[in-house]
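Look at the two complexes coming up: chain A is in both, with chain B in one and chain C in the other.
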Partner chain A sequence: MLSEQLLDSNKPAIYGRYYMMTELKVHVRFLITISGILLLLVGCAGLFPEKDPHTIKLYLGAEPDTLNPITATDASSHAINLRIYETLVDRDYDTLEVIPMLAERWEISPDKMKFRFFLKKGVYWSDGIELTADDVVYSYKKIMDPKVASAQLKVYYIDIKSCRKINKYTIEFLYSRPYYLALIFCGGMPIVPRHIFDNGTDFNTHKNGRFPVGTGPYTFERWDTGRNITLVRNEGYRGKKAMIRRVVYKIIFDPSAAFQMLKKGDIDVMGLREIEWARQTGSERFNEHFYKLKYYLSTFSYVGWNEDRIFFKDRRVRLAMTLLINRRDIRDKLLFGLGEIVSGPFYIFGKSYDRDIKPWPYDPARAVRLLKQAGWVDHDGDGILDKDGKKFSFTFTISSGSRFAERLGSIMKEDLSKVGIQMDINRFEWAVFLQKIQSRNFDATALGWSDPDFQDDPYQIWHSSQIKGGSNYIGFSNKEADRIIEKTRLEFDEKIRIKMYHRFQEILHHEQPYTFLFTTPALVAVSRRFENVLVHTRGLNFLEWKVRKVQ
Partner chain B sequence: MKAGYWGVLWREFSKNRLALAGLVIVISLILLALCAPLIANNKPYIYITEGKVYLPLFYDIITNGKEYAELKGTDLSKEKFTGFKLFPPVAYSYSEYDLDSIVVPPSRKHLMGTDEQGRDLLARMIYGSRVSIFIGFIAVIIYVAIGIIIGSIAGYYGGWIDMVISRIIEVIMCFPTFFLILTILALWGPSLASVMLVIGITSWPGIARIVRGEFLKLREMDFVVASQAVGAADRWIIFRHILPNALAPVLVSATFGIASTILIESSLSFLGFGVQPPTPSWGDILSQSRDFMDFAWWLTFIPGFAIFITITAYNLVGDALQDAMNPKSLSGK
Partner chain C sequence: MKKYIVKRTLLIFLTLFLITLLSYTIIRIAPGDYTTLKLGMEGALKAGSISQEILEQEKKLYGLDKPVIVGYAEWLAKFVRLDFGISRKDGRPVLTRIGEALPITLILNVISMIIIYIISIPMGIVSAVKKDKAFDRVSSLILFLLYSLPHFWIGLILLLYMASGEYLNLFPLGGIRSDWAAGAGFIPRLIDFCWHLVLPVITLTYGEFAFLARYTRANMLEVISQQYIMTARAKGLSNKRVIFIHAFRNSLIPLVTLMATLLPGLLGGTVIVESIFSIPGMGLLAYEAILSRDIPVIMAITTIAAILTLAGILAADLLYSLVDPRIRLEAKI
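And then the complex of A and B:
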């Protein structure tokens, strides 16, 4: 599932159930509000150095709304819940293969419509009650309950006809039609303890959202609003115990302040921005204290053109816009060469992405020709292109949290004005911005998508059924693309699916509904207090880290 | 020869050296802001080539953004365009980026260095002064106008009208202005106009109170009673007789008001609620530079210092005006 992101590397995901990015990546750059500053002051005053070497201090860029995994929508809570709660299956950190977690095994019917999971015996919630099939069925019912605020999850379970208990340790999901990601979706469903939630109170506001009880390797200890959230190691955990005994998530709204704290040693792990990576962490002292890790996850940034607008209805105009953005220069100089220019939405190092489709070059002369073909010429000699009396003047709507979008916008404005296109930049606070995008009340915008589970299913963003109220807010609609999207969901042969995805990418490349920008690497600094810090396909996993012995 | 009221005021004011310095700074900032496009621009004043004379900068200003057809799309600062060129003292525009010189420290090429897009900081500071000062003046004019009208009505008529207006003033004063502004901007979307308007419509109660107080005092004066006696209209009395006498304290308050408005604008821009990029404002430059604080001192120091100097200058002028108007300081004459 895909989640929407602010452009600066790794920002808040508002939708998307899976946000399996490690906490390191959660790095929400909301604008600092006044309350942010106040909290920061309070936070600084209350700081005390945790001397315990077995404590890891992580950075949260935003306060979670709730720690209820079914109603939570933001990236911060996903990062924390990932340690507290578990799902039926997990995916291998390197191979992405589906592996057992709460379920010890599963059976899939030949028609791929029936999924039967067999739970491990002796899995206990952290309050000592055993986890059973009832918890799983209850969780499914709550997700689908219209009274429960889980809209972002419901979409993914609509194809499930039923979820029933076979016996104490067996559950069966019945699908109404096959889907090649079904196992990952029903196996990845969040599971909550029924004995705690099912007490007659309102599910959405249940107090357990502040005091989560899970089955995972860590249990919840305390939540100091605006300061930190602490987890301790689950001593009764059935699996291999992590070496880190305590996890403190520090809530810091201003990334610049967080970066200073990282340097002081008040934070152990943090995602860096490009300029920090390239210019501010080069000192010997920094490298003595921190590992600098760089790896690619499945994310990309883009400029989206609203196809409802008279300018961007025409494919030639959209292509011209792409040709007018000097992506190579921006990548090399603004991003310090950190990132790859992409030509499609899939994970660039995965099989679905067709590397033979090269990104469009920077070619203003060709862009001008295309604009002319589309009828955009400066007829009245005022320096701005026009067509049928309408001037080529549009607004670039961005979130005020994204510095990168702002820089990109300033550069685009300057370059577009040279060919006679007038562009204004309009910044909005994240919530307002999102509302504008979702109601399709914008001309062009810059955003990013992240697909933390490498699922590659383009349905959510590109299917024409998702234009109204869905994530296809730019209004891309193409019959062949729709057909491919629908067919691939039913296609279990990976080779055929990949072929179809390559064709799909070709269509996008031709149509240019987005100007695809970059996939930028995660840039993470990790304190050298830890050893065995490994980079996996899915990123970092501090469960396996070892604490370096202090001399 | 006897100096009039304003003459006395000036004599008292000019005794204060610091205030004079403040006044000089204020006036030069206003001039700087007014002439920004003439001082910082990437178009030359004059360009002579092959016997033809062009005035690109003036042409641009007069025609509001058009270029000579022959020069369209050319970057005259490039060497290949030979001929006589006379550039403004700062030969960069505020939005012209150069990705090859990102975050360059002050040097002869860029006197104040460059920002994270390679834009000349000096050019941006000069244009930024426009925003600060423009916002300061317009917002203060808006709220002084509102304050004067409401204050004079309350003060002149007194009675229940005064009671109602005074209560309204108290209610509005209770709003924490800065948070109110943040809320309104979040709804409207940030822009220069909304910042000015919001500051304008939320800051008038102070002025209204001062004017009301003056009116309460002045309406009992003989000259007012006299004009009432000869049957002058209320409007005439308010605007011709009382208001001119009530203006002095308003002026002081407005001077401080400009200073605080500039500060509010900077704070709003710092929080990302101010002008829209790439328009520069001092607060915005400061906010953009926060990320590079540890290695690009010029990006934070220069705008910070500029804000400090401007606010201080306005406050010095305001202080001196207040002293000069205080009858106690005139004693001994």
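And then the complex of A and C:
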């Protein structure tokens, strides 16, 4: 399912960072005098013990809430739990095919309603107890338990009628209706150890949320609140052992400080921002020490037009807006040219995306013609278009944390004013912003969607049933699109599904409920201390990395 | 005097009650709540009407379905038993979380305040004595220059030039202890800790001299113009004695008012400094709690800050009567 992400929301709105500061070398001398006094303290810098080459240090921009995979919702805990906990099935890092993980095989009934998983024998929790069907059934029951704070997972499993144990190593999920993602959903359900959690205490605040016990390639070692979370290699792991023995997740709140740590070698892997990629990592020294990796995941940014508003009800006006936004220019200016302009919501390098549908060009002349056709002309000569006495003046609602949306807004404002459209920018704190969007109390907004598991299902964002209370907050409603969405959910033949998705993308391209902007690449710097750093469809996987031998 | 203290204490309870009631009401009626935010970020819970039920179910877990006044009453009932509840974020007791964040903030603030007082009070006195001379002008110019430099900028400059290794590599890039320190002895650990504090303390102090120095200078000038100073001079006392024995002590009286802000100030962290230097202190704790609408944490911090502020004000008033016998405290308020 798709998850919403604010464009660069995790980045604080601090402008003018060190690229500005290179001109301030005069300060250095002054600072050295201060530091002279402190040299005594600094003497202890020599105490540094040798760094362990088999430890990898990863960057976390926020502290996880909990490491209980059933109640956790944030990205940090997902990243860590991925190494500690396992699920019944996994997906191949390149082909995205469903592959065995805790289950050695599975059977799907002909009506696609029953999913039977056969567990591998001899899988042990890191405390030495064997994993059995009871753990799986217990985990399902906990997820669906009204007293457990797992609403984010519950929605995935609404269609499961039952989950029962057949024998010690066999579990069966029964669905109430077929769905092509059912295997990935029930096979990807988090599984927690029953023997630890089922001790009569409250599940949400169970102490194991901070001392996880899993079956995965790494086991939990310690959590220093606000500082580090450390994992060590699970020496009893049944699969191929990773070469990296210890993983330290460093919690660093300020991305600029984190970037300095990366350069100093205190962090081995870190996602870079566009400006860092383009301007601050070009030095020979940096490239001697780091790989710079660029790859695309399934994400896109967009400007959404609320179809309840009189301006954006009309398809011609929405299309005109798209034609008025110079996306190529915006990408080159704001994103340093990093990113692809998209024409639909699917992963641009995936099968569901139809590359033959080219994004609309930048064409203000045609936009003006379209606006005229739709009745928007400057009748009273005040420089602003109007229709039936109503001026074309709307508000662009953004979250105050997003620098991208802020700068995008200023460019749009200027370009739109040239053709007589008045746009104001309104910024809100994230919680308030979210409420405005969810209650559909906005004219236009800029946001991004990401589909981390490449599931493609457009239901959540585009089905007309999702206008009220769902993610279709722009109010897109199209009968053919609805039909396609409903049909594809029941279609298990990928080829037919892809064909239908291509048609769906065509409808979106024609209707322009969103002005699709860009899919931006993940930009990652990885220390050259590691070898075999491969880029897969799903991204990077440090389990396969080798530690370079130190001469 | 006793009567006065009793009355003031009763008033503190009333004020505290109103402060907490107001804070609770504001958080509850502010847009967004913990559950919606948590799931809104994740976005998964937007799949229509069935999930609306799940959302309501989850809100119930946190008591968000209850009216504001009932919620407040429940909070109050726990608070009088000194139970601040469980943090929504990680399910741990709020006091545990505050207990983790407070020591580092306290240490940073105490060190910073000592430095600020040690530097700015003498500077203020000298400025007053040498009023309008070069020292007075230059020092106030420098102090105001420092005062106007933004924290995030200085913090990042310090990191870049003194810790990143690109220019100098004297200090660590944030955090409060090195990875190796866990297993080390007490002395190396202490040195390591101090070593980590240098840059944050510089960032916290450089801008704060101006206020206190100017404040001291103004008080000092007022005292110097008093007649008893003239008397002291007429007696033939040395300038040093006049300034430090007679004038200085009296100029300190208005500083007592600063007591009121001192106590809560010790507890508060600054989000910017803590985030630049990756220090998990009170500032970040409060900031993050507010953003995620973690009501128990917000309430605990607000209440503690309110108690300290009120206690600070009371202490300042009492101290006044001690340092200046002319001030009498009456039970009439």
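By definition in this document, the second predicted complex is superposed on the first by the 507 of 551 C-alpha atoms of A that agree within 3 Å, B and C clash if a C-alpha of one lies under 4 Å from a C-alpha of the other, contacts with A are read in each partner's own complex, and residues count from 1 in each chain.
Here is the rule we use: contacts are C-beta pairs under 8 Å (C-beta built on N, C-alpha and C of every residue); 3 or more make two chains touch, one makes a residue touch a chain.
Model, not experiment: these values are computed from the prediction.
Novice: Just chain B (first), just chain C (second), both, or neither: which does A:Val155 touch?
Specialist: second
Novice: Counting only touches as set out at the top, which of chain B and chain C does A:Gly209 meet: first, second, both, neither?
Specialist: In the superposition, A:Gly209 touches chain C alone.
Novice: Counting only touches as set out at the top, which of chain B and chain C does A:Ser256 meet: first, second, both, neither?
Specialist: The answer is both, since A:Ser256 touches chain B and chain C.
Novice: In the overlay, answer first, second, both or neither for which of chain B and chain C A:Asn532 touches.
Specialist: Once the two structures are laid over each other on A, A:Asn532 reaches no partner at all.
Novice: Have a look and say if chain B or chain C is in touch with more residues of chain A.
Specialist: The partner that reaches more residues of chain A in the superposed model: C.
Novice: If you stack the two complexes on chain A, which partner ends up touching A:Gln435: first (chain B), second (chain C), both, or neither?
Specialist: second
Novice: Common interface residues of chain A with chain B and chain C?
Specialist: Overlap of chain B and chain C footprints on chain A: residues 31-32, 34, 254, 256, 260, 429, 432.
Novice: Please name which positions on chain A make contact with chain B in the complex.
Specialist: Touching chain B: residues 31-34, 254-256, 260, 273, 275-276, 279-280, 329-330, 332-334, 382-383, 400-401, 403, 406-407, 409-411, 413-414, 418, 424-429, 432 of chain A.
Novice: For chain B, which residues count as touching chain A in their complex?
Specialist: 65-67, 73, 95-97, 99-100, 102-103, 116-117, 178-179, 182, 186-187, 189-190, 271-273, 276-278, 288, 290-295
Novice: Would you tell me which residues of chain C are touching chain A in their complex?
Specialist: Per the stated touch rule, the residues are 30-32, 35-52, 54-55, 57-58, 61, 86, 89-92, 97, 100-101, 152-153, 156-171, 173-180, 184, 188, 191-192, 194-195, 198, 202, 274-280, 284, 291, 293.
Novice: Which of the residues in chain A end up touching chain C in this complex?
Specialist: Touch residues, chain A against chain C: 1-5, 12, 14, 16-18, 21, 24, 27-28, 31-32, 34-35, 38-39, 41-42, 44-45, 47-49, 63, 65-66, 71, 73-74, 146-147, 149, 151-156, 158, 204-206, 209-210, 225-228, 248, 251-254, 256-257, 260-261, 263-264, 266, 429-432, 434-435, 438, 459-460, 465-466, 468-471.
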